[in-house]
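Each structure below appears as structure tokens.
Two complexes come next, and they have one chain in common, chain A, joined by chain B in the first and chain C in the second.
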Partner chain A sequence: MHLVPSAYAGFADVVAMLVLLTEFAMLRAPLLRSQVRIYAFQSLVVTGLAVDIAAARHVPDLYTLAALTFALKVVLVPGVVLRLLRDAEADLAGSPVLGVASMVLIAIAVSAFGFFAVGSFHVQSATLPTTALAIAIAAALVAFVLIILRTDVVSQAMGFFSLENSVSVASLVVAAGLPLVVEVAFLFDLLVAVVVFGVIMRVHHGRTKTLSTDELDRLKG
Partner chain B sequence: MGPSVVAPQGIQALQVATILVGSPLVSGVIAHVEGRLQGRRGPRILQPYYDLAKLFRKETVVTDESSWVFLAGPVVAFSCYLIVPMLIPVLTTYGLPLGYMGDILGGGFILALAGFSVALAGTESGAPYAQLGSSRAMTFGALIEPTILFVFFAVALLTSTDLPYAMAATVRSSTSEIVRPGHVFAAIAFFLVVLADTGRIPVETHSGTLEFGMIDEGRTLEHSGPQLALLKWGSAMKQLILYTILINVFVAPWGLATSGSPAAVVIAIASLIGKAVLLGCIFALIDNLFSKLRLFKITEFLAAAFLLAVLAVFVFYVKGG
Partner chain C sequence: MPAVMVALVVLPFGVSVATFFLPVPASRVLSVLSGIAAFSLSLLLVPAAADHRQIAVGSFLRVDALSVVFLVATAFLYATTALFTTGYLALADNPAGTRYGRRFYAGLNLFCWAMLAVPLVNGLALLWVAIEITTVVSALLVAIDDTDGATEASWKYVLIASLGLGIALLATIIMYYAGTKVFGGSYDLSYATLLHGASHFPPGAVRLAFVLAVLGFGTKMGLVPVHTWLPDAHSEAPTPVSALLSGALLAICFYAILRYFQITVRAVGPAFPRTVFLIFGLASLLLAALYLLSQRDMKRLLAYSSVEHMGILAIGMSFGVPIAVFGVLLHVLCHAAAKGTAFFGAGSVVRKFGLKDMSRIRGGIGALPWSGPMLVAAVLALSALPPFGIFRSEFLIVSGGLSGSNDAGAAVLVVLVTVAFFGLSWFTTQTMLSADVPEASPGGVVATPDRGEVSVWIVAAMAAGLLGLTILGVHPPAALSHLLDRATTELGVPR
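Up next is the complex of A and B:
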């Protein structure tokens, strides 16, 4: 018989699972705009998880982190990317290498690897929520699939940003008491990434008049 | 004779009778609510009963090409739908005498046999639309099957059995069981399966008359008279059976009789019909909020259900799921 997790841990697991599901939703979203909105929703879920853990484990620092997460990842980053998209006037993602069904099947296999890998660690701890850790790692792996299989700059940026989201989920559930300054350093990394990806999107669109990376297969002399 | 206890066999008969008699009522309420949501007055709540009575009085018309299979299909399907309510917790929390003659897989097989015989009868008619409907119903049925299997796996991992009664008891036992991701996602996946299997909107227009969009409805186009009545009644029963499994096994197994006292049994009947009507209202709302998917997009909907069921099973491989 399996050990039944407490109601709080179960709830946290379901929220972590939502992060994984939004990752799958991003994988199949045909509109670039909807992909950015799904990322905003995913960040909102992460904010909710931070508030939940702050309340349950009495870590007031996490409220600050939740507020920062909300301001940056739900409002600022999606806002900036949506604005860039409006300037680029590109709606649809370029046709991906594989069909949606195959991409989802590959992502299922990859996330299975994440689950089984964490399951085989045999972590025996009363406080460490192994399930949520496994879900976060599966989400990170699916983010890699997103970056590898989708051939447009926006998907790759979103994949990278959501990778950061799954890392924050992992750090939230495993080390809720992580010093605030470390978490803020992660967020600062994200800001740098946004600037870099913003520049890449601009330059790429300026040169090739498209956001698809399919155009980058010719040598330029 | 002790007046205060209904014999287990009696409750078993009542389980079947509740599904048999209650299913047109639930369909009627859903159709009425749907009409109201669309700004119509909607048909009377008892309309399905009148329809059935009318159809039973009509004569049967058979196409030249069809054989006895065409006439037997609806009867076989109807008797299958009469058997399934014996296996699932319709009214009681405890297993009734015949309740353990089949597990959750057994119930699934009998439902599949019913679907198969209706599809066979549709194909046997020799009419193009009925054959198209049957072929589509079997194709999408095959795509739903893996999701159902993984939901069963999740049930097996949660309860170490494959009995619907054990699953319901597990859900009732504590709050932590309800919010476990394995349970939550298996329940949502099963909800999507019910949506697809009862021919609701993302998959099929329930009350449509356009043959090209039909899946389940298309199979019965050539039947008439008592056979059509049995098919319509059967599909209403299938709907209530699936609702009952979703409600009394996965989502809200409360209000069931814990003993054979008449009061408890009456409350159980009333609460089942009430919960089924509530669930039906949710389905009617979904009908109005979403549009029908194009036929080739249905696989994506089913893939989403499959994803949820697979993830529900995966989480068990990490400690505590």
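Up next is the complex of A and C:
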């Protein structure tokens, strides 16, 4: 292990950290619109990481991936969700079960757990920035906290998309050599998932006239 | 054989596209033909896969004995579900019937296409992609009825299953990372490559990937505690979709876990994955057996029975002896046939009595001369009564547990399966056989309609399911036994 991280590993760590921080920002954002915009920024950061790795490790395939990531996650996903919000005329996120402070404290505990849990598996490498991997997994866990504690369909969907961003960071730092066809297949699936999430969110809004999930309590037992 | 594999990928997709544009009667015929063709094609692969190590087409398609087991199970359910849908949708009383019918048939065929693709593709990455496609297609099918219940169930399903697959994607990436230690920075995630180098993978990363894979794909397989979407989606989806979800989709996700198991056994030995299977399996079986005692809706009952059977599969894998693993693979086939038949029967009862709340239905066997008794038979088959296939498979699993010095596990398995049997048979005998009027039932009992079948197609689909179950129980064909033997060896559990 290098004691001093290389510039490339350092950049990857910074990006992973930014993704984690934007995850926290999404957790505390009271307006649904701002949540979507923070997500778009987070996706932009991930795109930047893809470009950096493409240049630093000479993987030209990743430029294609970065372009597709930008088109899909910075433009299309936020666009689709913002349009839904305009049509639904909803602004405030569903009233969370807990206050913002408690949510953030829980998320800090959970992300610390994720960070150290990955460390305990001894996933180490001399060439790959494994710290970034641990931070990305911590961010993924914060996305789970967001989905569990927020009670509206938009926050939950954004939580899923940002979880996907964290996984993208993990994939870029430890599996940059993954064949392009596979990466594109992953993105294609995300595209389909966006469409399906959009359809079901619209159906939900059409039936309940709200974006809140509070009424989804009929099926139990 | 390569032509057969390509046909299996191309045919259902083509049919799906065609049914979107064709009138419903044509779609009906086309879907049944496509289902039967897919089943026949999958049977053609059985002898070859039992003898050869693997059959590959290009670098994207590949089958071995393990994948053919799951291919046969899925294709069988595709054929019988297409038959059942013919009878089930014929009576659907919806105003926009044609539009609904078109969407339904296109979705059904696309869903079956995605599920057939899962065992056909080569490599962990494409495996994940194919399973993600099954999620998005089936989520739309769960929502298709556009009721409050369907909307709620589809939201829970698409969110929880997508999150599970997010975890599974992480598993894929960490497994890729484990491989970079052997193959360098860039390689493809094909099974042959991974299995070849697995013994040199770093154990920590492989363990992490395996647990994430069990948790991620286990979400879609219905393992406790990540099963929560399952009873809702199964009970609110249209019955043909419930049958496919329960009989084929859960098994397909189990197949994905087995692919990770194959690699993990070679990298870190059998003890670790067996422990993981035991924990998830026992939790699933225990919770499902208890929930089965308190269900009032037939489709929810069958959904919890699916959780129970997925638990049995996981426990069978945890025994880690060849006879138990052979039983597990046989169980996959039998469960597909039995659960399909039981859902078809439930669909027949719901259509006949014209309401969903089955706790208010009495004397079903008197109203349905053929599908009534066959539903009771299917539920008994699910409870592992001879001469049906599940008796044989569970017997093999339990004897594997006893022979492999897992007496405690085998004993717990038998006790919990008996509890589940009680829950399943109590509800079913009440609905189907009893004529008593329940006292505390809101709205009272529905009047029993005239004796007669809803549709001959439903009866045909159920008869096909029971026939398959009986064959598997009384005397499985030799070619199939060879296939299961071969698949057991491929899983790294040598005879």
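As a working rule, the second predicted complex is superposed on the first by the 213 of 221 C-alpha atoms of A that agree within 3 Å, B and C clash if a C-alpha of one lies under 4 Å from a C-alpha of the other, contacts with A are read in each partner's own complex, and residues count from 1 in each chain.
Please note the rule applied: contacts are C-beta pairs under 8 Å (C-beta built on N, C-alpha and C of every residue); 3 or more make two chains touch, one makes a residue touch a chain.
Source: prediction; values computed, not measured.
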Quiz item: Just from the overlay, do chain B and chain C fit on chain A, or is there a clash?
Solution: fit
Practice problem: Write the angle, vertex at the C-alpha centre of chain A, between the C-alpha centres of chain B and chain C, to the nearest 10 degrees. | Solution: 150
Quiz item: When the two structures are overlaid on chain A, which partner does A:189 contact: first (chain B), second (chain C), both, or neither?
Solution: second
Quiz prompt | First, second, both or neither for A:104, with chain B first and chain C second | solution = first
Practice problem: Give one of first, second, both or neither to describe whether A:20 is in contact with chain B, with chain C, with both, or with none. | Solution: first
Quiz item: If you stack the two complexes on chain A, which partner ends up touching A:203: first (chain B), second (chain C), both, or neither?
Solution: second
Quiz item: First (chain B), second (chain C), both or neither: which does A:41 touch?
Solution: neither
Quiz item: On chain A, which partner's contacts cover more residues, chain B's or chain C's?
Solution: C
Quiz prompt | Partner chain(s) touched by A:131 [first = chain B, second = chain C, both, neither] | solution = first
Exercise. Look across chain B and chain C in the superposition and give the shortest C-alpha distance you find, in Å.
Key: 15
Quiz prompt | Overlap of the chain B and chain C footprints on chain A, listed as residue numbers | solution = 118, 123
Exercise. Mind listing the chain A positions that touch chain B in their complex?
Key: 1-7, 9-11, 13-14, 16-17, 20-21, 24, 28, 100-101, 104, 108, 111-112, 115-116, 118-119, 123-124, 130-131, 133-135, 138
Self-check item: Complex interface listing, chain B residues touching chain A
Solution: 157, 160, 174-181, 184-185, 299-300, 303, 307-308, 310-311, 314-321
Practice problem: Could you pull out which chain C residues touch chain A in their complex? | Solution: 125-126, 128-129, 132-133, 135-136, 139-140, 143, 146, 148-149, 151-156, 158-159, 162-163, 166, 169-170, 173-174, 176-177, 180, 184-189, 202, 204-205, 207-208, 231-232, 235-236, 291, 294-295, 300
Quiz item: For chain A, which residues are in contact with chain C within the complex?
Solution: 57, 59, 118, 121-123, 125, 128, 137, 140, 144, 147, 153, 156-157, 160, 163-164, 167, 170-171, 174-179, 182, 185-186, 188-189, 192-193, 195-197, 199-200, 203-204, 207-208, 213, 216, 218-219, 221
